[in-house]
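Written out below as structure tokens is the structure these notes cover.
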């Protein structure tokens, strides 16, 4: 059991969730309630990571954030380290790759709020911000929680993108899924098996939580 | 804090469907926006609340202007003193009744809110149900909760969108009474959207008829019904006048109540309301018999001296609709053409109107 | 409940993660060709015992590492299985000098127990099975970026077996993965590094035949310190050139270059 890799994966998962949740809530809200022409296009872009093979995503991320790219060069001049092959690079990749997992459940939950209820909030004297706090957030909470759980579980299992963008550096970018791959190549099946089993358990627990949340959301109506 | 101010509305919009509407809702009265489904009534109501943007609009209440597109002014809904009761109530599913009211009381100091919540619950008679969530309330209770939530805003104008559409007929009457009671108690200015003329006849004092996004009639309910001039209704509804009356006296041994509607005095079966209470009556034209001399030996209670104002053709070629005047009060009578000939009916002719006590529909 | 789960996870990761170890000082970052899997592990264990420094090693294919280093991967020491990668990096001024040759690699044909394929240095049995159409899968490292894969291709071509063998080939991302495929029982066998075949993990799973050096271009394995190498990495580099380390390499099947 590679505890460093496990810790790294957990940290990556948590950081991704913490950063992605507010961003994706805003995006989900915009998609759920906004009436603008490019909406279908934005939804398709958000869903893209679901369909693209991880290696394709990894490839384009390397192109976009590698040393010679504007973003990569800027990062390196600011922090002295390249963006790729660093934990920060993984976080960035993780945020992009997990976008659909976070946005879609939230968007669905928000869209399920009857428009009259939102109008009623305004007519009750609630400013848009207050309406989000008192009405939208509570009603969309199961969707938000689902988004968080799915993002976390998916980040733990993410392999292709992490490998291409991260480089399997121990303590920095060698997540638990890559550690499994690494142990197999080193003919250390027991270690690989133990870590694989742990990830399996986490995935099952994540599924259980999202199912419970979905049922609770259904019961509320 | 209820401003006794009238509402002035002028709206124009091109898309998605054309809308060109202007009317006034007098202060302290119930104004009905009446018309067929899809005519734009709900859009107008939402625009008054600030929920619907318009191409060209001016909405003001008393001294305050809420929308003036020419001046680039649009006050957002949460800063307008309006209460809105949605057709499906739109209660917050995750909050108890008390919590919903508390949210609506944001404009009041926190210390005042609990007392205000209790007062509102009492007003709509939901005292025992404050801790319930909407799912645990019946349809009528939800409606009253929505009403309380709208009233919590201390609104200058109360807006209701087809408030009785989702309710069965038995509940409808009691909810109508409740609305009238509240409106009188608080002197509210109410704008009510409905496609049911019963709501107009029983509740509204003013009527704005909206068809295909335009106002086709506008004025007091009494006057419009007396002229049988309500578009969208005259075609299929039996001609009838809706009058505001008042209880003059009760004759308990005879089990009758005397009511006066302007210059018209009628005896009707006992109405369960105190002397002096307002009553809304509907009198169908077909229930008014005309006579040239006073009859005897009839069960009739009301023999009223009237004068013919005009005679016009009715829906059936053999029928005539006779407009009568009792002092300043207008009444309609539906008779056959033969009767018109028999009695020699003509404008300015005095005639007796015979009205069965039972025929007077009273709503108190 | 959600709060509890989050709190637990936060505590766990704080406890487990080696947070932000600065790139160099304590744990130099090493990129090593996968054929060094077992040999380097042993050398590094001794190094750690002697100096207290604990290098972090990533194994993979030399070609991949070269590409990553060009893209700014923060490795400090690179042990390539093919010196051309090192020389190319030196040309681009990404290294400290041209480095040094640390070993010559050898190829074997590895065959797991129970495989119908018999290992022999001239691959005669393989040739026969290919000709008769009975041959199963054969694993090699990917010739595109793995030196041992390229050498395997050269060996097959030298024996005139490349065209026949091609449809049967399984490509590992690096030579260790190729060895893993070869030993898993899903292939007849594989052409992999001698150093891997000698390792206990593989040795008990099958047998092998050492392929003559003449069959392929020499696997000149060169190592080099990279630009950002720390003093600790430099110490490891020197340690790798010590007689003790060379002896370990020799025991693991590497041919030592003249010094």
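Chains: A, B and C, in written order; residue numbering restarts at 1 for each.
By definition in this document, a residue touches a chain if its C-beta (ideal position, glycine included) is under 8 Å from a C-beta of that chain, and two chains touch if they have at least 3 such contacts.
Because the structure is a prediction, the values reported are computed rather than measured.
K.L.:
Give me the ID of the chain with the smallest distance between its Cα centroid and the all-protein Cα centroid.
P.N.:
Most central by this criterion: A.
K.L.:
Of all the other chains, whose mean CA position lies farthest from chain B?
P.N.:
When every chain centre is compared against chain B, the largest gap points to C.
K.L.:
Roughly how many whole angstrom separate the Cα centroids of chain B and chain C?
P.N.:
Chain centroid spacing, chain B to chain C, equals 88 Å.
K.L.:
Just how far, in Å, is the C-alpha centre of chain C from the one of chain A?
P.N.:
Centre-to-centre distance between chain A and chain C: 34 Å.
K.L.:
What whole-Å value do you get for the distance between chain A and chain B if each is reduced to the mean of its CA atoms?
P.N.:
55
K.L.:
Help me check something: in the complex, which residues belonging to chain A touch chain B?
P.N.:
So the residues of chain A in touch with chain B come to 114, 116-117, 119-128, 130-131, 134-135, 138-139, 220-221.
K.L.:
Under the stated contact criterion, what part of chain A meets chain C in this complex?
P.N.:
Chain A reaches chain C through residues 3-4, 6-8, 10-11, 13-14, 62, 66-67, 72, 76, 81-82, 84-87, 145, 167-172, 174, 182, 184-188.
K.L.:
Which residues of chain B touch chain A in the complex?
P.N.:
46, 49-51, 76-79, 82-84, 86-88, 90-94, 100, 103-104, 106-107, 149-150, 152-153
K.L.:
For the complex, give me every residue of chain C touching chain A.
P.N.:
Touching chain A: residues 2, 6, 9-10, 12-13, 15-21, 23, 27, 29, 34, 37, 56-60, 68, 71-74, 174, 176-177, 179-180, 183, 199, 201-202 of chain C.
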